[in-house]
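There are structures below to look over.
There are two complexes below, and they share chain A, which is joined by chain B in the first and by chain C in the second.
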Partner chain A sequence: MKIIGEKINGTRKKVAEAIADRNVEYIQNLAVKQVEAGSTWLDVNAGTHPGREPEDLIWLIENIQAVTDTPLCLDSANPEALRLAIQKVNKTPMINSISGEPDRLEKILPIVAEHGCEVIALAMDETKIAETYEKRVEIIEKVIKATRAAGVPDEKVYVDPLAMTVATSNQSGVVACETIRALKSKYTEAHFSIGLSNISFGLPARKQINRTFLILAMQAGLDCAILDPLDQDLQAAILTSELLLGLDENCLNYLKASRKGLFE
Partner chain B sequence: MKIIGEKINGTRKKVAEAIADRNVEYIQNLAVKQVEAGSTWLDVNAGTHPGREPEDLIWLIENIQAVTDTPLCLDSANPEALRLAIQKVNKTPMINSISGEPDRLEKILPIVAEHGCEVIALAMDETKIAETYEKRVEIIEKVIKATRAAGVPDEKVYVDPLAMTVATSNQSGVVACETIRALKSKYTEAHFSIGLSNISFGLPARKQINRTFLILAMQAGLDCAILDPLDQDLQAAILTSELLLGLDENCLNYLKASRKGLFE
Partner chain C sequence: MSKKIIDAIIEMREEDALKTTRELLNSGTPPLEILNACREAMDVIGKRFECGESYIPELILAGEMLNQITDIVKPHLEKDAKAEKLGKVVMGTVEGDIHDIAKDIVVFMLDINGFEVTDLGVDAPPAKFVEAVKKTGAKIVGLSGFLTLAYDPMKETVAALRNAGLDVKIMIGGGQIDEQIREYTQADAYGKDAMAAVNLAKQWIGV
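On to the complex of A and B.
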């Protein structure tokens, strides 16, 4: 399971403050802790101020790279911000995200292709988010047609099936898992990633829901997630799922984590 | 999700002592607590002393029935003990278990059929436990041919796919889930049950493994389990899985459990 550390996100209040105050220590601390906790990438989202986004994103990138060489996941819907930011990264980043929206495909996919990035592909287009997995599969089929045409190999595509909150539809989790299952059998080289926390929006004990959903999605074929790597119970759920899904040879990772006290 | 409370089992040391000492209070306390925690059936296993089994089983049944009218799950491989015990039950019990072993089919299935019992059907025969789900499916196909021939409707059959410990084969959990998935599509009226705790035998933090496996098996189609209903984390996992699998209309059960503090 690959982890994209979610914490450096300018839509979170404290991170927004740290960006506004140019609080280097706060950001670098989030970066180091998430790397120590096993992140494969660090998501970097500069927040929702279009005018300031390129500058803020570059400030984040430079300060994060000063303390870690873990690659970044540039999280922006703004092609201009991405074009400027990608000049500053030390390692090829992941791009978060493209989708079936023509605008994103036209403006962000070329950046992905040019720089050889991994990319998150959301199972949505310019219309309302589809309620059935069949429709989400269709959207991703179109997106992968476009990524292939642009020269992006399937193994760099991380499909996000979209997990909306179960508070408004009790089929949300099922539809996300079915989307993964259907696409995984068709695109065997592609990866599957999810922004974990949406599934529990508006409900109590959100960590309990997120953790359980991660286990279910892993069985469906999820092999990557944007999540809080500092959540010990979530890390325990990942290792235990890998054990039970036959992905942990001789239980080595599970036993190692147990000796370190992860399950206590 | 239906729960078969596992605690009144004479292979557990304290229960064996309570049976030997005719400690009514200890047994009745286990019965009441498991019923309060939501058990649909109470498993009753008198232990492994063949000579004493019928007498011990009847003693357990009579004392349990004195404090609860929850139906029992008579857990014995001894047809004679089952024939005698079934005369003493107030409600039609579940029988645990038949399997593809000719001896069990010939001697226990007629008791099930005669009394209209639910029955657990283990995916094993007289040979070594099969390592592939295809072979387990074949065994259950034979068992269900026999239950149908005996007049037992599929909806009274609770298939146990067998979950051996992942400590000796990292495919154990996968094979169990695939067995459920394959059989569920073929026998849409049958149920699927599992003895939960075997999966973690020999490993540390067993509850963590059991809980995670239950979530995975529920996604595959498990709708019943023999487990410890007093384990709050396990109950939380069941409710959260039902929420995410689309089985909890308007999140009502989840929200109710949250208000009662189950997730704290």
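On to the complex of A and C.
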């Protein structure tokens, strides 16, 4: 399971404040902690200030890279911000995200192709978010046609089947898992990632929902997620799921984590 | 008797609520009394939601109960006794954004709280808002947007409504919207959830 650390996200209040105050220490601390907790990438989202996104994104990148060489996942829908930001990264970043929206395919996919990035591909297009897995599969088929045409190999594509909150649609966990199952058999080289916490939006005890959903989605074939790597119970659930799904040879990762006291 | 129906709704007992409605009608309870009891129940649920004791799925179920009860009661209502609408609202997700869940909940909550809502759907350009306000005479407009990219279209929609000389109060909401964004878009207010939207609308029409 690959982990994209979610914490450096300017749509979170404290991070937005840290960006506005240019609080280097706060951001660097988040970066280091998430790396120590096993993040493969660090998501970097500069948040909500209209017009200031490119500048804020670059400030984040420079300060994060000063304390870690873990690659970044540039989280923006703004092609201009991405173009500028990508000049500043030390390691090829992941791009979060493209989708079936023509605008994103036209403007963001070329950046991905040019720089050889990994990319998250959302199972949505410019219309209403699809409620059936069949429709989401169709959208991803279109997206992968485009990524292939642009020369991006399938193994660099991280399909996000979308985790809409179960608070408003109680089928959304099932739809996400079915989308993964259907696409995994068709695109064997592609990866599957999800923005985990959205599934529990608007409900109490969110961690409980997030953790259980992650286990179910891993069974369907999820091999990557944007999540809080500092959540120990979540990490324990991931390791145990990998063990039970036959992904942990000789149980070594599980035993190592046990010795480190992760399950206590 | 109306306490029985209020309790059934508040405690999310859907079948009981519908059964009680039929019983009350059969025993001669005035239909308006039943609808008032429903509104009282919705009020309690709305307040519980505001303070974090109730959650969205319960709001949705309560609304569904209310709709079903209204359908049962409607044929028994005298034509002129139908509940007066409080006021008109035009709602939509702004241009460039297609998120509808939060917007739908706001539309729904305004509706069951007595507002007549014109729903422009998603990706609605400024001209569509202007046209709908002119057509309906609504005094309140709600702009929804989840993406950060929605802020500029919101600002443009507010400007279009003002430039058209329309006397409307405008609220915005969705995603990460806060006071800074309100100021940026020049809307009159922002709301953090559906109940906030209902409270703003009530405040603006003076209920």
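Here is the rule we use: the second predicted complex is superposed on the first by the 264 of 264 C-alpha atoms of A that agree within 3 Å, B and C clash if a C-alpha of one lies under 4 Å from a C-alpha of the other, contacts with A are read in each partner's own complex, and residues count from 1 in each chain.
Everything that follows uses one rule, which is that contacts are C-beta pairs under 8 Å (C-beta built on N, C-alpha and C of every residue); 3 or more make two chains touch, one makes a residue touch a chain.
Computed from a prediction, not measured in an experiment: that's the story for all the values here.
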Contacts of A:248 with chain B and chain C, given as first, second, both or neither: first
Partner chain(s) touched by A:167 [first = chain B, second = chain C, both, neither]: both
Partner chain(s) touched by A:128 [first = chain B, second = chain C, both, neither]: second
Chain B versus chain C as contact partner of A:209, first or second or both or neither: first
More chain A residues in contact [chain B versus chain C]: B
Touching partner for A:47 - first (chain B), second (chain C), both, neither: second
First, second, both or neither for A:258, with chain B first and chain C second: first
Residues of chain A contacting chain B in one complex and chain C in the other: 167, 170, 203-204
Sites on chain B touched by chain A in the complex: 166-167, 170-171, 173-174, 177, 199, 203-205, 208-209, 212-213, 215-216, 219-220, 236-237, 240-241, 243-251, 254-255, 258, 263-264
Contact set on chain C toward chain A in their complex: 55-57, 60, 98-101, 105, 122-123, 147-149, 151-152, 175-176, 180-181, 184
Partner chain C, residues of chain A touching it in the complex: 11, 47-50, 53, 77-78, 126-129, 164-165, 167-168, 170, 202-204
